[in-house]
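The two complexes that follow have subunit A in common; it is paired with subunit B in the first and with subunit C in the second.
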Partner chain A sequence: MSSFSRSAQQWATFARSWFLIDARMQPPGKIATMCSIRLQGKHKPIYHALSDCGDHVVVINSKHIAFSGNKWEQKVYSSHTGYPGGFKQVTAAQLHHKDPKAIVRLAVYGMLPRNLHRRTMMQRLHIFSEDELPYDIQANLTEELPQPREIPKKLSEYTQEEIDAFPRLWTPPEDYKMK
Partner chain B sequence: MVFLTLSCWIRSRGPDRYWKVQEVLKHARHFRGRKNRCYSLAVLAVRRAFVYATKARKLKKRNMRTLWISRIAAATREHGMKYPALMHNLTKSSVQLNRRVISDLAVTEPRSFLSLAKLARARQQEGFRAALGDGKEPSGVLSRVVMLQ
Partner chain C sequence: VGAASPALSSQCKMAGVTIKSNGLKKESTINPTRTLTLTLSLSHTLPIEGQILEVPVGAQPPNPTAKCPIYRWNLQNKYNYTDVLLLSQFIRSDGGMLPRRVTGLCPEEHRKIAICVQMAHRAGLLPDHKPKLPEDHVPKRPKPELNRYLTRWSIDSVKPIYKTGLKWCKKRMPVGHPILKNNVRYGVKPLYIKH
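Up next, the complex of A and B:
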């Protein structure tokens, strides 16, 4: 890197990268914090609010997002159409059914700073509900970020040897009826 | 009539009005609207600008420090650590670099910054060993550095 000319070093430092995040089985809040940090450019030591150093972020599989707890039924997204009596409240499940990209988009929108750069940063965020990406976006991707949450294995995904190797906590008596 | 000749009739009300006005307008030339041309509007705008400049001298110090801290935090996260861990362990190893210098190192001297991060991580591991271990192991090299007053 020290062999670069000055203009090449400048270009390499300030170039805009494209990050890929797979949101399958991930909490949308954690995905949104990772996105907002990279959209603002806060992951770079050359960060400054005025230097437009944010990167592009592509989120895939936003349809397979996983809220923890009972948030699918309890989390409420409110909006107002502007007309009288137009206050709408929808649960996260209903909103996700109507538009699978909306939850991630609203989460990132709320995490960005409330200034005029927010709309530009949202234009640099690309959300896709499934795996398929258009060819031009796929050609631009530079780095894939690790997923924030480790996906736990289902019981059907464990092999029989692993299930047998797991230590038994207690042996039931002979006349015990298992459900 | 009191003033009988023209030279007595003409009064000089002060010869330097032009320069006194320019002294104020020169500070308003980059303003928007009539404030950059008309003296009465410019005086108020220039006074306000000077007040803002005076107050901003204290804010500048605060803003620069938050900028340094966010830059150092971004650079440490690139190396797998967090900002509070880095600063705490650097002070414990009696590295008395301030945030301005560390942020400049992070930008222009990445390898020196990496060595600082490794130093902080080593001191952190020594701290964990001292806290979680038996106490029979010798304390680490960096923990024995004396903090000079």
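Up next, the complex of A and C:
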């Protein structure tokens, strides 16, 4: 923009920003795609694979992640220690219990390009299982990204007016004992 | 509660003595001048009165001639597991579905609503409709509090997919339910059921 000074414009284009994502009740795959795009720098028009233009991403509440379907029981994370008989297979629920940050971390790792930059990009990803952030990271945050999934309202969260405004679809017969 | 048993009253009429017979009171010969109260006294009875409440007439359905309530309100393919205000009208207080002969739903819609109610329960959207457990109930194994949504199968019945298979024979993880495939979608992306 013509109104900004040259140094301010330069700073705004090339500075490394810090993004915040709240993963409460969100599917970890969608969180991971948002993270990987920003860690690579693909959200910037000045992107180039060699120019190290990725940003920092902070994910909070990774303990309260929500999987769709029955993935908590069906999805299996496999690894091999390298020793014979060292093939380990753990379900998503067991892995989450052992380490609440692992699911998001593995999802982002799998979505980054398979080159030597991947490790540095993972170092720029900061995952926290709960709300609390250390002060130095909190001071660096610039933008909060909107959540990918709309969280549905529980029945207890609706106000009485909203419940009354919804029409009764059917009337029970007079001689039926309700509930 | 205060109903007179017909057998007792007929006996009283035959004897020529009228006794105020209560179903709970024991039979006895009462001298009309003296009153005799027996052990099961009236103070232990709890008078219960049932009143048929007058429900105020609300909005009228746009299609009153249809038989099923969902067709009456034109909600055929428009509801999902998140529409808790709709689903809560068809469930009991402990979370179970009401019978179809009472609600008047057609069989397909009853099945769709049952499946949406199941998914809503598993997503934790109906917290007040849990079955009543006795107070000293201790669960056998600790239940992990994991957030989930669009769960088709029950949690205990699903096995982990240890070998997912190659691309042509991949074992997918189902999400949602195919019965809701005709739901209205206001976007370009198709419904994605096999993840």
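FYI, the second predicted complex is superposed on the first by the 169 of 179 C-alpha atoms of A that agree within 3 Å, B and C clash if a C-alpha of one lies under 4 Å from a C-alpha of the other, contacts with A are read in each partner's own complex, and residues count from 1 in each chain.
We take it that a contact is a pair of C-beta atoms (placed from the backbone, for glycine too) under 8 Å apart; a residue touches a chain by one contact, two chains touch by 3 or more.
On a predicted model such as this, the values are computed, not experimentally measured, just so you know.
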### Query
Mind checking subunit B and subunit C on superposed subunit A, clash or fit?
fit
### Task
Identify the partner contact of A:His96: answer first if only subunit B is touched, second if only subunit C is, both if each is, neither if none is.
second
### Query
So, does A:Leu155 touch the first partner subunit B, the second partner subunit C, both, or neither?
second
### Query
Which holds for A:Lys44: it touches subunit B only (first), subunit C only (second), both, or neither?
first
### Task
Would you sort A:His64 into first (subunit B), second (subunit C), both or neither based on which partner it touches?
second
### Message
Quick one: is A:Glu174 in contact with subunit B, with subunit C, with both, or with neither? Answer first, second, both or neither.
### Response
second
### Message
In this superposition, which partner touches a larger number of subunit A residues, subunit B or subunit C?
### Response
C
### Minimum distance between Cα atoms of subunit B and subunit C in the superposition (Å)
12
### Summary
Within their complex, subunit A touches subunit C through residues 25, 64-76, 89, 91, 93, 96-97, 152-156, 158, 162-163, 166-174, 176, 179
### Task
Mind listing the subunit C positions that touch subunit A in their complex?
52, 55, 58-59, 61, 69-70, 72-73, 81-82, 84-86, 88-89, 92-94, 102-104, 123-129, 144, 146-153, 155, 158-162, 164, 173-176, 195
### Message
Applying the document's contact rule, which stretches of subunit B touch subunit A when the two form their complex?
### Response
67, 70-72, 74-75, 77-78, 103, 106-107
#### Entry: Residues of subunit A touching subunit B in the complex
42-48
